[in-house]
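One structure is given below, encoded as structure tokens.
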């Protein structure tokens, strides 16, 4: 991971998953709100989507783990170098462990939606779990590095912990707003991975940013907030677009049903359900 | 913001909003309690008030952002000074970012109460969010300054985090007491901004307080508590006044309805609703 | 407070209140469980008790504040010594502020149970509040003192924060177990104040404990746990005694009603209510 | 405890309890799900199991306390060495105190399920309590030791606090997933005690690991995650096995009742209850 690509890969993964989850939850919420009658039908669809999601998560985790092990300079599955009597490229193993727990989320996702003996909310708990493990690993990852390097990773740890916390709260009390909120934090994590890649390993080949300049810290503080604001706006536009889509498609398919009065009633109900 | 005015402006904003929110929530609660029949009518009124509130928040945010950018010595919308090869007045950008997130709260407020596809509690979450972002920015704001300067800003961070936390809890479980509680913390934040202005940039033109005197820290600790006690008393008097107002006005308009027995019944009910 | 008496006084206050609250909550719970028919009657009684409690709290706070101000070497209501150009005995003012917030709890208690426009749970929130303010003050209280002095006060801050937290959780979701739990923490706080008095100002007139001996820290760590275990045992015995009292008294007054079947039914119900 | 055995003993205790609790909660959940009609019968059984569990916990605590006091080099019930004027082997007393609180959990368990005047959830609170006290003791346990020693104990404190927290959340809102989650953390604690024993006191008689080597820290970070993953897998297999057992046994005893439709209905219900 100690390269531009090593940070861009998880960044892309998280950004993609953040976008996907915000889409899924918005879609679910909009379907529930606007076409109550089709609800049972879409439920089967959503089950299938969850299983696909699990498979994609496992695929991502395997890609990440293979990449970390077999890049030039990676540990090649060797944990201890007996010749030199020391541990062998532990940072690569750190990232593998991180990917492994996200793979576990995928496995749980598939199990929860295929087997009937598992409660469905388990998948969410495992996701929260994976984030906390990730935060734990990154927290113990940067001892003895430069101020700038530590700072950008600290911000990463902060956003990961916050994400894990919100996923956990959402596990306890499912709520569309919380779901979108933690999706926005996953977007933030994704784009911040890209930012870290640009700061520490500029793709232009130039030197990294001055590691001891305090102004860089001040700038990255607000840059982090801007990334977050950008994530929020992406989620907002996505939400507006999907709502418009579901609403307009509904009109085309079953125009007779849409009366102002009826609509209001339904809305009331679905709001209470939420 | 590094001046008396720069601290007095946000102080006044927060104090005004704290007062306003405590008034709004008390009014809502009292209306619910004493004139249950007029409830539907006042609901429309409250919707309009929310939209007005959003507009005022946006206005405040724009005022603050413009002020921070175009005061003498501000960044004038330039982020990087290419001539000198360094960042340009980042502290001004910090404050702008902070104001921006409060502006976002205003936008959300308006959207939530005009569009029907957004859950109303979203506005509260965005408010909690804005406080957490503010706390994050202030936390990374005072590296390398004097002990006194850091201490007064730490207290600010403390009160902001606590406010954000209580707004979040209130988002999860709306409760009149929590609403008044976080209003009192916003009052505290407002009056503390004024206190900071007086401590660091005395308007009399005299020197700031001795930055390394430990007694100043001890005094500001209790001074912070007194500000808080003052905020609680203001909220309490406001609550008493509004309750008296709603009660007495009700008597004038519909005297026939107010019977002791009936009143008690209603109270019971509204308490359960809370 | 910098004396044996200054620590023994709040210690006694907290110990007394902890005992009293554990008694009150157990009594309430037992009454609810065993003599459901007398419940309404005892409700009026409990209201009166709450008001008396408020008066006692105000009395304690006034005693504490007067003591702190007018002991020999106290601030005598002077905040700033203009002659010497420095703050006047700020530690005394610290303690006064702490007492003031507990006085506020008493005032709220009385208002909540006399006025009908205030929700009853407000008193609990103010109590939680008073503990957090106390923790804040003690946290900023011991800068620059010895290791031992700081450590015993840190433990005090720990127990106060935990108490405040549990009172807050209990405010959100009233529960007999939580009520007894925080009572036990108040007992711990009370007995720990006494321990601090014995450690820092031995009444025998001998010297304080060796401030830099690490073994003292290790001992005080487990001593703190023993105080807690003692508090738990006191609460347990109190609970057993009151339950036995309520049960046996009930038998004497209304023996006809106590049948095994009926009793079980009631229990079931009251457990659900809890 | 400063030996291989001293760490292996609590490690085995915790691992056993973790396994047992995961088994018990899975069994309860599966029984509720698959043979609803036998529920009342199994309830009495579970009551008896709880009392047995309490007795085992007390036995473990007594074993631990006796061991800590009377091993060669233990304190032999002497707290203060008056001859040398210093505390006598305080670390042994630390461990005794820790065991004592787990003994208290056992006592509470027995009382809760024999006496009807105690709410059953009290036992869970006492368990959470015992973990927090354990964390508090371990936190104040390693002052002035080597980096490696401190790090492995910090991880222990981390897992203990997290366990205590999840037990507390489960006390507030019982949930099968949370119960299994904290069981997995107890497994982690148990196996980590074994890891600490191997790291600090290798049973081969060789020297401990190099205490200042930073690579050891990096390795132990991921090793901790692997222990956790292993614990999760153990819980998962256990869950699958017990579910299969309950399901298949049910088929043998009452084959007529098991229809696809009926089964689905029940599942629906039990999921809602959860």
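The first chain written gets the first letter, and so on, giving A, B, C and D; residue counts start at 1 in each chain.
The rule is simple: a residue touches a chain if its C-beta (ideal position, glycine included) is under 8 Å from a C-beta of that chain, and two chains touch if they have at least 3 such contacts.
This one's a predicted model, so the numbers in the text were calculated from it and none came from an experiment.
Listed by label, the chains that touch chain B and also chain D are A, C. Homomeric contact chain C/chain D is classed as different-residue, with under half of its interface positions used by both copies. When the CA atoms of chain B are superposed on chain C, the rotation angle comes to 90 degrees, reported as a multiple of 5. With centres defined by CA atoms alone, the chain at the far end from chain D is B.
Chain A and chain D have CA centres that are 31 Å apart. Residues of chain B in contact with two or more other chains: none. Chain pairs that touch one another are A-B, A-D, B-C, C-D.
Only residues 86-87, 90-91, 93-94, 97, 100-101, 104, 116-117, 119, 121-122, 125, 133, 136-137, 140-141, 143-144, 171-172 of chain D touch chain C when the two sit together in their complex. Across the interface of their complex, chain C is touched by residues 30, 33, 169, 173, 176-177, 181, 214-219, 221-222, 224-226, 228-229, 232, 243, 247, 267, 271, 274 of chain B.
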